[in-house]
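Here's the structure we're looking at; comments come further down.
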């Protein structure tokens, strides 16, 4: 394993996303996450470009790299052609790869996303599907959604949507052949490996924290814990 | 024409995007099909039946993994290869143009093609991955457009068939429309969006062509707050809603009649967060105290073309759309909202 | 039920921020204005040497933007040793700014409670 | 040895052209000073006063113009060079008025083009009335018409540095050098007239390279109470009242900063005038910054790749008036030495 | 025995005098009442001890003779001496005269108006002598009055550049004081003129008046005027600066009985404030006056503001606390301590240190360079070299930076916060097990000595430590051909009384020059941390003033023993400035 900075340099997004930052602050000025979190993309880019291994390691274990919402507004504005959002992606990927993501509360959430969106891709062929937008996980979806969710089949039928049916069209069922192709792509491109990484390190962390991962306690915990709210 | 308009026209002139004329390979959106399946159907219907265009809706199409990618579940190469598979499916089906329904996908496809230009070795690597996994090969698309680009392109043709312009039938005034553009539509590659990143034309062009008045407001360019992991994980949703709230508070003084978005996620969030804020804080936005309806551009196009609101799936919105329908003078049967209307 | 709370903006809202303390301190120690943010104070700071998150240079800016909450927290770390004032190339009496800000903050807080 | 009188064509009648003409005439040469506008002076004509001494620009211009009242100088205003050819060591210039000028040397003093602020789309220049550029502010100061969109004295003015400079997004990697001190000068002038107006400068780095510039910066802080914020504004948008809402990061704190302002002044940088026809016809090379490339930046600054063609002033790089005058004199000496050979 | 004489004009005086006495008795009683238990015990124990005798002696020397003021300024001293001592003589001699005349008890107004009641009676014992003595005393006082009046208008006559500025109330009392003795002279002379009596002063003046004025008509009004003027003065006294006369004496007693200024008890401060005679000696000593041109913050004005309950926070902060004023104050007021007390009033105590020192090492000697020490690395390196050569087992406690000694915080009035810092350092020092604590910084040195309670640990400034090393032969130095002028740091010299060790050390490595302002009279460098508000340009002016004095004899090097002084003086670029330790390190063999 090379130095952290060298590992980051292996990611094309990092190479593309980081030229030389002059700390003008345009990215932070427009960043939605900087407004609502203690988050400063400029500082992250500046810290990374210093190539200090200890600093990078601290970042990989930090909360701060997980705040970015990936809107990429920073890419539009940077006068040096940097993309802090890409740098964040590279940092997060390395954090997952090295298992550092479990060091932070926000990083641990990767497990919840993997178990929901991640699973859905391989099981249904799409990231999002009505079945996974459960009202208890998504109270903000409101009563209309709740009634649709409870009668999806009937509702979609009335709208003439081929929900879980064969053939083309929205919400149709993806056949196994295509799902198999997706899985093989995941296998050869490192997608499966990354999923496994999330599972493996999360299981280790769950054990360390004494939280049961099998019965869903760990998932529930990472899905719902936000220390900022407790203050 | 005012100085301001001239300046905007000059700006838009710089961003004349090439949009294919016909024969599109259609790329489905995870979020749109989940929350606005009827919008999708309306889009296909408008393109095919109203505009006589050829679109191929491929049963083999899957997600591009964009949400997982931006949530850091999968590496870049996985997403690239899944997208490459779509290129292969398109090539196999004999198409060269893509119409992409999802803004995240659109941004990713654009980014991918850009990356391959700059880093050809990356393209070679992905071709190899795709071959290894699926034995498929592909040609890169000649043209990729967001589905809103195609509607924008044919906005005048739609206007010609329009039955319900964006006009308040009671006052005769044009409806005031707030446009919201998905961040990944043009912020990453301003030249790939109609009108660029700062004053995008894609939705305001439709609004103007169909008789409405687009509203500019200070937080127009701000993200809706989706933020991938910031919404997907319950604990983080405070961020997501706060960003939408920031937008609502900024747009309210302009008294907009409705919001229109080209990104499926944004349209959904700008709808649902109004409900959430109302429930959590008691604030209802909108001049009439009934919320500001947040439509997809397909729904907007469907309404002006005289589609039945419940066929367009407007009942899936949490903010009631009836006041808007009333303003536009659209007839609807309240009882059909949930029971459906067989046609 | 919701599992989250609507986040509050952490931005500096200059229009909304109260500038009373800033005005008081500027009146008592006008040298505050000429800070050019070189960071010499932070570099030499005795407290910053022991507590790297403490940045005496940032105090000046926080004060001038009316960011009193963060200011109060940071202010409590200063030992008043005076090195910052001694090294400042613009002759800013940083030590007196700290003193005045502490005094003004205390008065402000007792007034606003 | 008495040198035979030579003919020199100076393209551009701004400060560089004027000063070079005066110097060359003083050395005994005959000069055509060709200016496309109806008056000499270039951008200097648009300025109210000049840093660092705040001397009125008109006064400086008039003094410079008094030097070109010389029988050796033929001033051709409202004139453009339509065609230009090099024949052996000489240059044949045809003007759009049909004159043919046979010159032994050509001096390019074509100056600069102000960066078009509309290209920084995020600030809405041209779209939002409250967003103006630095020359428009200078005109307001010159005509005493500093007003917000409602026609009142602005309560707050923000000057934003580095517009079109140090910005890869518009293809300009270089620093335009004069904008920082111009902003400081303008900020002081606003405060001098309207002490109640709050004036802010948003900057990335304050570059006070000339004598008494740093002192001027300090004066702006200390005496005039101008506030300096380190951070480039990311976005500007008008609200219903026509005020401009800005978003930036206060990088010295590390947090986003939001505020409203009556006026947002974009301190536009300098760009090379790449459409200039003479340079194209003579094949004068430009550097990566698109300004004319010097043969050597240290010893042959005013020489170009074409023998007999010289450059002076802001067509070589962003330059202030003081340096332009010095540079024009240097160019005159370089031409004189070239013609001696 | 003569009958008791009386006239109605004595009433104003009697009333004024009675009121004054009543006021003073109440005042003295209230002070003692408000002292804490310890101080009350001190008074009880001291009252009938030798301490009281010492106090009487001091009162005689200082309040009457004004010995200290004579030492500072002879003309000013004479003024105060003539007024105070002359009046004292008038009272004492007058009392004897009256009592002898009466052959027993006399009403207390009687001696004051003796001449009126007994214009030409030479029958009693020493009557002629008394007349002459009283005239002599009156002349002494009058000479003082003349000097005082002249001083008011031509201050340089008494050798002062600045004199105190007065307010209206003070002026009225001052004029009433000035008038007392001329009126007495006129009234006595008028009576003497009518009776052809009088001494060497009153007789000629009386004759002159008789020749030129209608004496019968004006004699009686003059006595009235004299009495009324005395009354005015006595009533005005408690509200004027002349309150210092009755207060200073009390202060001297209190001091001799061992009562000290305390942060939480304002009584002694009140006594001190009232004791200030506003002689103005402090004004010319103050470099904020002489170098910066400030005429508002000097001790006399500061005390005046406190007394008058005027805004004085700016003055409390704007003081170098160099101690130059305190060291010459004729009344011996604790001027720095009072200044510091008034910084407590408006400073919050919300400070919580979130840091710690490096782990303590077990050694014999702890070396603490202090915050400022890190700004003069050459001094620091010199000390490391010397410590390495000493053979002592030492720990450089703040080698990588440490917690501030706490004195800067204390000087800013944040005592409780300062104590939190001190506690941390104290713990580290004690944990090291060292018997000796050496510091390079006089600021730290002072606070270590005064506030740290490091029992069993000897606290040395590095100059003291180096002197021991040289004396004991632990380090050897070579005397260089170098002329050195030494600058006494305020905190080390006036602050801690360390004048000789640095000079001794310098003497063994270089040739020490004498300078115009040495030891107790040394000038402040201006860098003082005690001044909270002084702008940097003004600090530079003070530094230049100090350097002008130090470089008068063109030394090769100006030496000092404080990192802050070194840094501040070096900025003037008027001469190379080195710490004593640096010169020693260079001279080590």
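The letters A, B, C, D and E name the chains in turn, as written, and every chain counts its residues from 1.
In this section, a contact is a pair of C-beta atoms (placed from the backbone, for glycine too) under 8 Å apart; a residue touches a chain by one contact, two chains touch by 3 or more.
Not measured: the values here are computed from a predicted model.
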Next item on the list: State which chains count as neighbours of subunit A and simultaneously of subunit C.
Entry: B, D
Note to self: From the C-alpha centres, identify the chain that is farthest from subunit A.
What the structure shows: E
Checklist line | Per-chain Cα centre nearest the global Cα centre, belonging to chain | finding: C
Check: Counting C-beta pairs in contact, which comes out ahead: C-E or A-B?
Finding: A-B
Note to self: Taking each chain's centre as the mean of its CA atoms, which one is most distant from subunit C?
What the structure shows: B
Checklist line | Distance from subunit E to subunit B - Cα centre to Cα centre, in angstrom | finding: 83
Next item on the list: Go ahead and note the Å separation of the Cα centroids belonging to subunit D and subunit E.
Entry: 65
Next item on the list: Averaged over CA atoms, how far is the centre of subunit B from the centre of subunit D? Could you give it in whole Å?
Entry: 45
Notebook entry, point to check: Hey, how far is the Cα centre of subunit C from the one of subunit D, in Å?
Noted result: 39
Check: Among the residues of subunit E, which ones contact at least 2 other chains?
Finding: none
Checklist line | Touching two or more other chains - residue numbers and ranges from subunit B | finding: 190, 197-198, 221, 234-239, 241-242, 246, 276
Next item on the list: Pull out every residue in subunit A that's touching 2 or more other chains.
Entry: 34-37, 76, 140, 224, 226, 229
Checklist line | Contact pairs between chains, per stated definition | finding: A-B, A-C, A-D, B-C, B-D, C-D, C-E
Item checked: Residues of subunit C defined as touching subunit E within the complex -> 28-29, 31, 44, 46-47, 49-51, 72, 76-83, 85-88, 91, 93, 95-96, 99, 102-103, 105-106
Item checked: Interfacial residue positions of subunit A with respect to subunit B in the complex -> 11-13, 16, 32-33, 35-37, 66-73, 75-76, 83, 89, 92-93, 96, 106, 109-110, 112-114, 116-118, 121, 125-130, 133, 137, 140-145, 147-148, 156, 158-161, 163, 166-172, 174-175, 178-179, 181-182, 184-191, 194-195, 198, 222-226, 228-229
Next item on the list: Flag every residue of subunit A that touches subunit C in the complex, lowest number first.
Entry: 34-38, 139-140, 224, 226, 229
Margin query: Can you tell me which positions in subunit A touch subunit D when the two form their complex?
Written below: 19, 22-31, 34-35, 40, 42-43, 76-81
Check: In the complex of these two chains, what residues of subunit C are touching subunit A?
Finding: 1-5, 7-11
